[in-house]
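Chain IDs A, B and C follow the sequence of writing; residue 1 opens each chain.
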Amino acid sequence: MTGHILLKGENIKKSYGHVDALKGVDFTLKKGEILALVGDNAAGKSTLVKILSGAISLDFGKIFIDEKEEHISNPAASRALGIETVYQQFALVDNLTVYCNVFLGRLINKKILGGIPILDKRKMQDESWKVINLMGIKFDSVKRKVSDLSGGQRQAVAIARALLFNPRIIILDEPTSGLAVKEVNKIQDIILNFKDKGISVIFISHRLESIFATADRIMVLRSGVKVMDEENDKITSKDVVEKMFAIEHKK
Amino acid sequence: MNLKNILLHSSALAILALGMSLVMLTNGIDLSVGSLVSLVSIVTAGLLGSKFGVLFAIFSGILTASFFGIFSGIIISRIKLPPFIVTLGTMVITASLALVLCGGETLYWEKNWFNTIALKYFFGVPILFCIVSIFFILIMLLIHYTSFGSYIYGIGSNEEALRLCGVKVKLYKTLVYLLSGCFASVAGIMLTSRIASGNPIIGMGYEFEAIAAAAIGGISFIGGKGNPAFAFLSAVTITMLTNGLGLMGFTTPWQYCGIGAILVFGMFLNRILAKVSLPER
Amino acid sequence: MRRNDILLRFALLIILAILIFLVNPNFGKPANLINILRQGALLYILAIGMTIVILTGGIDLSNGAVLALSSCVAAIAMERGLPIMVGIIISLAIGMICGFVNGVLVTQVKIPPFITTFAMMYFARGLAYIFSHGRIIYGFEKSFRFIGTGNIFGIPMPVIFSLLLLFIFYIVLEYTSFGVNIYAVGSNSESSRLVGINVKKVRIIAYLLSGFLSAFAGLIYTARLNAAEPVVGASFPLDAIAAVIIGGTSIVGGEGNLFGSAIGVLICTVIINGMNLMGISSLWQQFVIGSIILIIITTQTYTKSAKINIPILRSRKIESFEK
């Protein structure tokens, strides 16, 4: 874990009306590191993810990528910076085919008749087929509509979308919720695989086993404040639970 | 400006907006009310013209519109087709029926006490508006003090949850369209009395005006939010403003532009008010 | 599933045509068939715009009024002696401006499309009256009238235009990023936003196209009648919506296509033409079209729910095997 600091957030604040979702959070993410983001409901995890992915904008604070300050004003800007997000509900469009979903927002065009941009369906089909197969989840065709897919297959499409554009950072918001045990293991393998490729990962989950099996570092949020930020091997799940729910030590 | 006239003119739109707001609260829409107004006008006038009693004619009018209200309601709740499509279907069907029944012509009848309803006043308030106000009070009681009222809001915000709680969602949805149909018939009868004739296209466009009045009154298009009282008020206000444009000497074309501007401005105001006011409950 | 829906509608169209033909063989004469296409062409041009707007989850009630406004303005421009091309360009520009304003009000001011376009309907209609002073403007040059009355190889110009537009917009919807984005925005606007699609831009362009097509239809209409007047087109929005719905486009957006709408328009036109041939009063036309809407959507819902059930059964079985 000796990579340089790729992503850094300073004093990030966000409130919705009277509710302060984030009350000034600092964090760092190194290259090739898997950072687990843990917290109870309404701890501010999702808000932080949404800020990084450009779905909402922050009220206060700075975000640095490679020590350069960046403003992530919309999802396209986040993607342009090499940040890919796999949302909790996958953010898939049911009525479209698998390959259109994989490339949604960045569809590939080819020029015909001297400059008219037409979708390059063949190329998109081939590339999405390749990426999805890499993950080892069974698929018969990428021309299927997403509405016909199972939960695991949908997850694969969502991850394929993140993987395809050589991201530097992948954010996974509850990637294992609602999946069977077998599929959870597969997702964990995929996350470890990212690390081997040098991709940094921010990983949100309720499942502590998954977190301890994959993460290098664990960051705990409680009511919008960072309460813990430790290397995986220096803490136990008991420490994490205590911090999450603010349980006092009875010694 | 003549307040009496405004109340008289706003009666039909006000009661339609009331019915429409109930439908929209359940996340529905009723495009058929305008043609139902026309159909009721033709049925009532036709029966009066054939020397039937006034009460029988009125009753038949109400029955006709109720039938189509239940028809839409059953298709929407049982077959689960989108309300927009179903009521569009009933809309064109009833519009056509109105034309067929009268052969496309205006119907008249020998003058009787039905003609004078629209001309009477009760302590300076038009009788028609009094009738509408009674319905308004009844609907307010229904909304605030009955389980049906809370189901209407419930169906609009989470129909599935209500169904799982054992609420007869289909029945209540059908009832809402029945109410909307009934209100359309009341509007139709009032207009027929006012113009003293049966006109097959008198209700044309009323459905959109009622929807606009409800929307400007803060009834959400996705259901569950809003208060029919404001829909009612906005219907009266819209009539006042549009009539006002005429009284101020604007010609019809400018009135059209004015109505367009009022609608947009009304929605804009509504959005600002929604932002300023505190969140509900 | 989509292909089945189209086939269902195509079958209905053929059955209707055969029934009418059996009652009145005049229906099958080439002149009458071309007549049907010509009658349907104008509605179809409006239906293309309506389909695109409905696909994004919106609706456009203003197309009839925009048609009246843009054709009146074009007519006035030509009456005053401006070149035909200038008149055409002004008219198309006005249509696009109206559509653009609709789009901006819907996306930026966040007024529901229903109210926005309803207000635009009043506004455009009012302007049409104001500009034309409520009179009928008639008598245009032959070269302009050609786009409404001309023929090429016996095919009326309106039909050629509508086929051309079908081709262009079919390509746009099926083979361009913009087309995919339209379907994406209509079926899940939040997901579309999260993956970086500019949802507002897509919606605005959809309304703009609808405005453009309304103005285009207005030009053809004016050329064919050799007259422009501010009252035309009051029923066009609902006619177009009915045709689009009969054509199988989902009213909540994200599903449907232009071939469906073409069949929807043809079904409506064939019914009206057939009823005229059979001497049935035109007062019944709406009745039949309303019934067709209800019948076809009911049938579609039943066939669809029957199909959805099958994969659920299948996946349950696999799960139980694994355990």
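Heads up, the rule we're going with is that contacts are C-beta pairs under 8 Å (C-beta built on N, C-alpha and C of every residue); 3 or more make two chains touch, one makes a residue touch a chain.
Keep in mind it's a predicted model, so treat the numbers as computed, not measured.
If you draw each protein chain as a dot and join the dots that touch, you get a simple line with two loose ends.
Summed over C-beta pairs in contact, the chain pair with the top total is B-C. Subunit B and subunit C have centres, each the mean of its CA atoms, that are 28 Å apart.
Each chain gets a centre from the mean of its Cα atoms; for subunit A and subunit B, those two points are 50 Å apart.
With centres defined as mean CA coordinates, subunit C is found 42 Å away from subunit A.
By the touch criterion given at the top, residues 171, 175-177, 179-180, 183-184, 186-188, 190-198, 254-255, 311, 315 of subunit C touch subunit A in their complex. Taken in their complex, subunit B has these residues touching subunit C: 75, 79-82, 84-86, 88-93, 95-97, 99-100, 103-104, 208, 211-212, 215-216, 221, 252-261, 263-264, 267-268, 271. Taken together, the subunit C residues at the contact with subunit B in this complex read 61, 105, 109-112, 114-116, 118-130, 134, 238, 241-242, 245, 251-252, 281, 283-291, 293-294, 297-298, 301. In the complex of the two chains, the subunit A residues touching subunit C come out as 53-55, 74-76, 78-79, 85, 87, 90-96, 100, 104-107, 109, 117-119, 121, 148, 150, 161.
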